[in-house]
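Per-chain residue numbering starts at 1, and chain names A, B, C and D are given in the order in which the chains are listed.
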Amino acid sequence: MKRILAVTILLALVLGPLSLSARAQEGDPILIGLQGPMTGDFAYEGQGFEQAISLLVDQINAEGGLLGRPVELVIEDDAGDPTQSALVADRLVDAGVVAVIGAYNSTATEPASEIYNEEGILHITPSSTATRLTEKGFEQFFRVCFLDDRQALFAVMAMADVLGAQKVGVLHDNSTYAQGLAEWTRTYAEEAGLEVAYFDAINPDDQDFTPTLTNIGQADLDAIYFTGYHAQGGLLLRQTAELGLDIQWVMGNASNNPEMVEIAGVDAAAGTFITTEPLPQDLEYPEAVEFVEAFTEAYGEPPASVWWLLAAEAFNVIVHAIEETESTDPEVLAAYLHEDFADYPGLSGPIIGFDEKGDRLGTIHALYEIDEEGVITYYPEQPQPEAEEAEADA
Amino acid sequence: METFLQQLINGLTIGGFYAVVALGYTMVYGVLKLINFAHGDMFMWGTLAGWGLLTTVFAGLLDLDLIAVLIVAIVVMAFIGLLGMTIERVAYRPLRSAGRLSPIISALGAAFALQAVARNVSEARWRTYPEGLLKEMPDLHLSGTVGLSGLQILMLGVCAAVMIGLYLFVQRTRIGTAMRAVSLDHNVSRLMGINVDRIISLVFFIGPALGGLAGVMIGTYYGSFNFTLGWVFGLKAFIAAILGGIGNIPGAVLGGFILGISETMVVAYGPDLGLVDASAWKDAIAYVLLIAILITRPTGILGETVAEKV
Amino acid sequence: MALLELRDVNTYYGSIHALKNVSLKVEAGQIVTLIGSNGAGKTTTLRTISGLLRPRSGTITFNDSPIHNTPAHEIVYLGLTQSPEGRLIFPTLTVNENLNMGGYSLGNDKASVESHRQRVYDLFPRLAQRKKQLGGTLSGGEQQMLAIGRALMANPRLLMLDEPSLGLAPLLVRMIFETIETINQQGVTVLLVEQNARAALRLADYGYVLETGGIALEGPADELLHDQRVRHAYLGEA
Amino acid sequence: MDQALKYVRRPSSHLWEIGLLALALALPYMSFMDRSRTSLAVFAGIYVMLGLSLNVIVGYAGLFQLGHAAFFGLGAYTAAILSIDYGITILATIPIAILVAGGAAVLVTKPILHLRGDYLCIVTIAFGEIFRIAVTNNVFGITGGSNGLFGAGRPEFPLPWLEPVPAIMLAIILALHLLGTRKSGPVLQWGGAAVIATAYYLLPLGLDRKPLFVVSMAMGAVAVIAGAVLRSNRASARVQMIVLVGIVLAFALGTVLGAETITGEIAYSMDEYFNVDDPTTILGVEFTPVAFKRDARPYYYLVLGFIVLTVVGMRRLQNSRLGRAWLYVREDQLAAEAMGIDTTQIKLIAFAIGSAWAGVAGVLYASRFTVVAPESFNFLQSVIMFSIVVLGGSGSIPGVLVGTLGMVVLPELLRDAAPTFMYEGAGPVVILALILGFYLYHAQDRLPAAVLESAAIAAAFFLPPLLLGEPALYVVGILMALVMLIAIARLRRRTARYLPWVAGALAVYTIVLLAAGGSLGPDLSDGVSGFRIMDWRDGLMGVAMVLMMMLRPAGLIPERRRGIAPVTVEQPSEPIPTAARQQTTV
């Protein structure tokens, strides 16, 4: 009897608070959801999303809101994990959001996109590049980043045309993103007639990559493309220098982060190439310049990762769509983005539009080099993608 | 041959770090028969604390970087040692006779808590030690391109000194012998007049302090770290301790080097032997090695054959 | 005043009442023996005295000071040591190291440790030959010698021996009992727990009989030796 | 030894379980169960299954297993591969998942079973990690690498298929209950069960459903109370039977009414009966219905069905010959061997059953989340499963439920950084009830003092937040209150032993309040740099794990045992020598 009593009371404790919790407020504010990894291995990126978007939300609210209503950001943490992602997606649905930005990684975006599709919520991912995501025929799913294969093609051209490499290597870190990009790179490189003499992965949990680097040194490559993240990129550069190896590194956009230079040290990082979406400071659009200035003012440093920018981009696209259609109906917004949205001056370059699958049209990648001061600078000589892309498509 | 030598040196360096961290696991296991899952995170706290000190208080001392690093290492060792004693006091001592399941949960809980604090302190970012730390040390060239950097020599030297020092301490001194006695039988040790709680506290000071030292060394050597370092590295070091025979100090050292060198060799020669993606599989190979050794020699390579009380 | 005195001691293992109102006295200089069958509470009594177990009620005084709340390791410093049942020497420590641990309470005083070790080696010359050998490699008899020697290292006033004859060949048993007598003659009071009641009572001055956790009988050893009940129950006589 | 270790089956009424089950069946239709909470219930349900499966290995057989996530993952990957590549309906893969997970367990554990204690523990960790690394590296080219596998088939639940699940489960339970407690013929029992299942379909037809829903809920409540009263008064079997049938019927009605809204194939929906903007008052409690589109309820019933099946199965297993053999092996392996038990075989069976059932949980997972990716089966997951079992009380089935609440549900609820429920007035009442409950539980004889002291504790917990006006801290407050309560419950038996810890906990609590609360610290409710519960969730979980173990080393609801010496703090290394101890000779 005692036990029963105790358990009953325990149940009451759990159920009690649930039964009386406040329901999501209907009415005034326009709710926009953000799901991303606020904890876990990618916490840095998720928190960057939050910084970038809340800055814009504050700006909008300071200017009187959207359609005369304030905008409220509902933040949920998915820790980059698909299970958590499904749980927080349900929470955002319950909160009554109009649109959701997220998630960071494709694995987390996948189950969430299913739920948002069921519920008819506009869903834009700033950073999930897995090809499959837009192939499910979801009407209200978009992405503002580019697919893996675009960048892979660009990287191959950069290595072949700009660096004149014949014998190249590809290194990834076994993450969803890096592996996809690495495999596309290998495919395009072989199509372009380059010799892919080295293809391997590192374990991102490691600190010490010297065994791998020793092997790369032995392979005698003209250039090697690393598709993983900046933390490992920095360690690779640093240990390359420590081993005294002569390796020409080209990094993918996941490594486009000033912290990589910090980790590697300026001397070790100098001379490394990076393929990425153009950095905001290299864009002439007033929106981009303004955003970077505001961000720097608010947080003391410019946005470190390209994905933060793209999160802000996704938010701007949603706001733009709401303004243009004067509607908060996700169906109307999605229809607008598919059909009428074009030539929008984005933070990461002009957005030509979205195709029927929800993928961003065009490509805007650029080649950067880390200069002697450790600054990531726009490289004067750029590969010419349009012509070759037409070729590749043909 | 040159490649082999270079890879051997690479493996020795990693192995040395594994060994120092493994010492902490092995000592605690010896006296308490407890897998101290929080040890990896205490080691990570060492890296974190070293970073904190070197980038703030000791930033002015960096011209004399060897001295600065030395002082920081000592301060961190004391701090992490005290942390270890506190954790033992709070999380393990009340559970000393509560069976073998509860302390594992308690240890994992302590690990979670430590990691959460570190994540929030480091803002979940990769943090970097001051650039160019201890870079001015003379290198040693063996032959051709094979050589050890000054930093590598220093790290290996410190590892060796720690291991030898600890071994002598445990084998030759009265307190060290008392530690061995406690690891054999708590009650009989009490009958000898040994204050068992104090010895355990001491073990929980030394082990984590060595972990803290390894933390600072890793920070200095690799230059950057994040809060997940302890979990991954700690698990590997623990495997090293088991490989060598847990509870056994030379065993931990041997296990550390075996693990470090075999990992390196798998990465270096795996592809030649038809193992594609060797580096990605290398951890799995470490685990397979562990299982193989435990199946054939259940108490590890140097493990004592004294039957374990269940 | 007795050197050691237990008054109404009650000890529990969890909910099991292991010692019930045990009272006993050990006078200085004597050999006192505690006999009884398996599970009667002999070992529990010793563990309670040496502080490994806490009595739930009752008092234990040693040398006029109460020790029932003193931690086990501090009791050793008062001059009360125990050679535990089953010998329990440290198997991976050498004979020398085992003895050093016995003398742990002597502190860093190397000379005093050395002199006590010499005393043990004089008592048990066979141990001296095996100084560097690991405790676990000794024979059962040698291990028992080591256990007794180890308990002597702390220079005790009262030595408690738990079943020193357990599992030993008769010849060795006799030798051990002779040594106990020698130790006693050197001025060490002895509390001897034995299953071998006859030998123990012959050696002892005074004896207690434990039955199911309580003292059933007590008296001078030679009286007990001739007591009908003792003879019947413990000496295997009809 | 045999006598001492004999597991005594405690005669117990199943009324309590049936009440709980009825509550579980009605749960998704309660007003507070919005989409995310139903989803969370499904998620927690999968962990309950995992906990129960691991309980066979850790709890029953007393073996270490810190790599359970691998077998969970094997099931999930098996289901995903078969469903994606071969188009097999996902639930039909369950037998194959059982074979794969169970078979793998037999293969990998066989060589290591002779390892003891911590060595087994570390080897199971190694297996878990090898599995994770293998699937990350796309082993055999079928696991999709670090991407994992997308698009495992979601089962479609046609209404007629879904609807009977709860009823059939109830019927089975009821029949088992009757079989276990009464001597009357099986015809009556199973017949009764069949009648219930039929009635479940027939009764609601043609009736106005809105009042039925309300009436059935009320009936259910009345029936539960009546049943409890009858039970305690030893009412006749027939009366009991009638009452139980009443309970089942009542809840069956409630469930059917709701079930029809699930697929939307039937025109009825909750919205037709309850205006969303117009809360309904039932017995003075305000219910605010939530409009659903497609949601997790079909999965909820699916998982609930499996849990019921598992609980029944596990209980049978525990009381079987095999269960007793596990008990012997766990308590004293040497004695078990002496009794002629093949301990290796027995342990292997435990691993096989536990792992196979984790594989089933994996299939359910794959069908619910559609993505199967390596990070869902990492070491942390194994740790969570292990903690569920140990925190709740190793070997105890209710313990697994409570452990899941603690390890899975509570952290999810903590996502609400600023719950406002405390202002609604019910929170403090609930906590007070909790405090009193624990007091009554532990100290029946000292009621007045207990009431007084609990009031004081409640005041200690509610005054500071009320004064500081920071609602977010209530979450911390509840956690601390729980810990305190357990500490105090312990104090009853061990005077003042944990007083310093309690004082320390109070001090920490106060410091947190002062540092983070109200106007004295940064804003708690949100903000990039401020203190957020979200950032500290796993840290709090860690601290709670340590505290729980410190205060209740045997778990929250320990397994009931007879004839086994209780573990106490002063337990000597050897218990009282009851059996003749092995003596060694020279």
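Throughout what follows, a contact is a pair of C-beta atoms (placed from the backbone, for glycine too) under 8 Å apart; a residue touches a chain by one contact, two chains touch by 3 or more.
As the structure is a prediction and not an experimental result, all values here were calculated from the model.
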Distance in touch steps, counted as few as possible, from chain A out to chain C: 2
Greatest separation from chain C - chain, by CA centre: A
Whole-Å gap separating chain A and chain D, where each centre is the average of the chain's CA atoms: 37
Rounded Å distance, chain C centre to chain D centre (Cα mean): 52
Chain B and chain C: spacing of chain centres that average the CA atoms, whole Å: 43
Contacts with two or more other chains, residues of chain A listed in rising order: 39, 47, 174, 201
Contacts with 2+ other chains: residues of chain D: 136-137, 535, 537-538, 567-568, 570-572
Numbers and ranges of chain B residues touching at least 2 other chains: 119, 185, 187, 277, 280, 283
Of chain B, residues touching chain D in the complex: 29, 33, 35, 90-91, 94-95, 97-106, 108-117, 119-120, 185-187, 235, 238-239, 242, 246, 277, 280-281, 283-284, 287-288, 290-291, 294-295, 298-299, 308-310
Complex contacts: residues of chain D adjacent to chain A: 16, 23, 30-40, 43, 136-137, 145-148, 150-151, 285, 288, 290, 293-294, 296, 365, 368-371, 373, 375-376, 398, 402, 405, 409, 412-413, 415-416, 419-421, 424, 426-427, 429-431, 433-434, 436-438, 440-441, 444, 478, 526, 528, 534-535, 537-538, 557
Touching residues on chain D, where the partner in the complex is chain B: 58, 66, 111-112, 114-119, 121-123, 125-127, 129-130, 133-134, 136-137, 333, 379, 383, 386-387, 390-391, 394, 535-546, 548-550, 553-554, 567-573
Chain B-touching residues of chain A, taken from the complex the two chains share: 39, 41, 43-44, 47, 174, 200-203, 205-208, 210-212, 214-215, 218, 230-231, 234-235, 238-239, 242, 244, 259, 262-263, 265-266
Interface residues, chain A side, partner chain D - complex: 2-23, 38-39, 47, 50-51, 54, 75-77, 80-83, 86-88, 90-91, 93-94, 106-107, 110-111, 114, 118-119, 130, 132, 136, 174-176, 179-180, 201
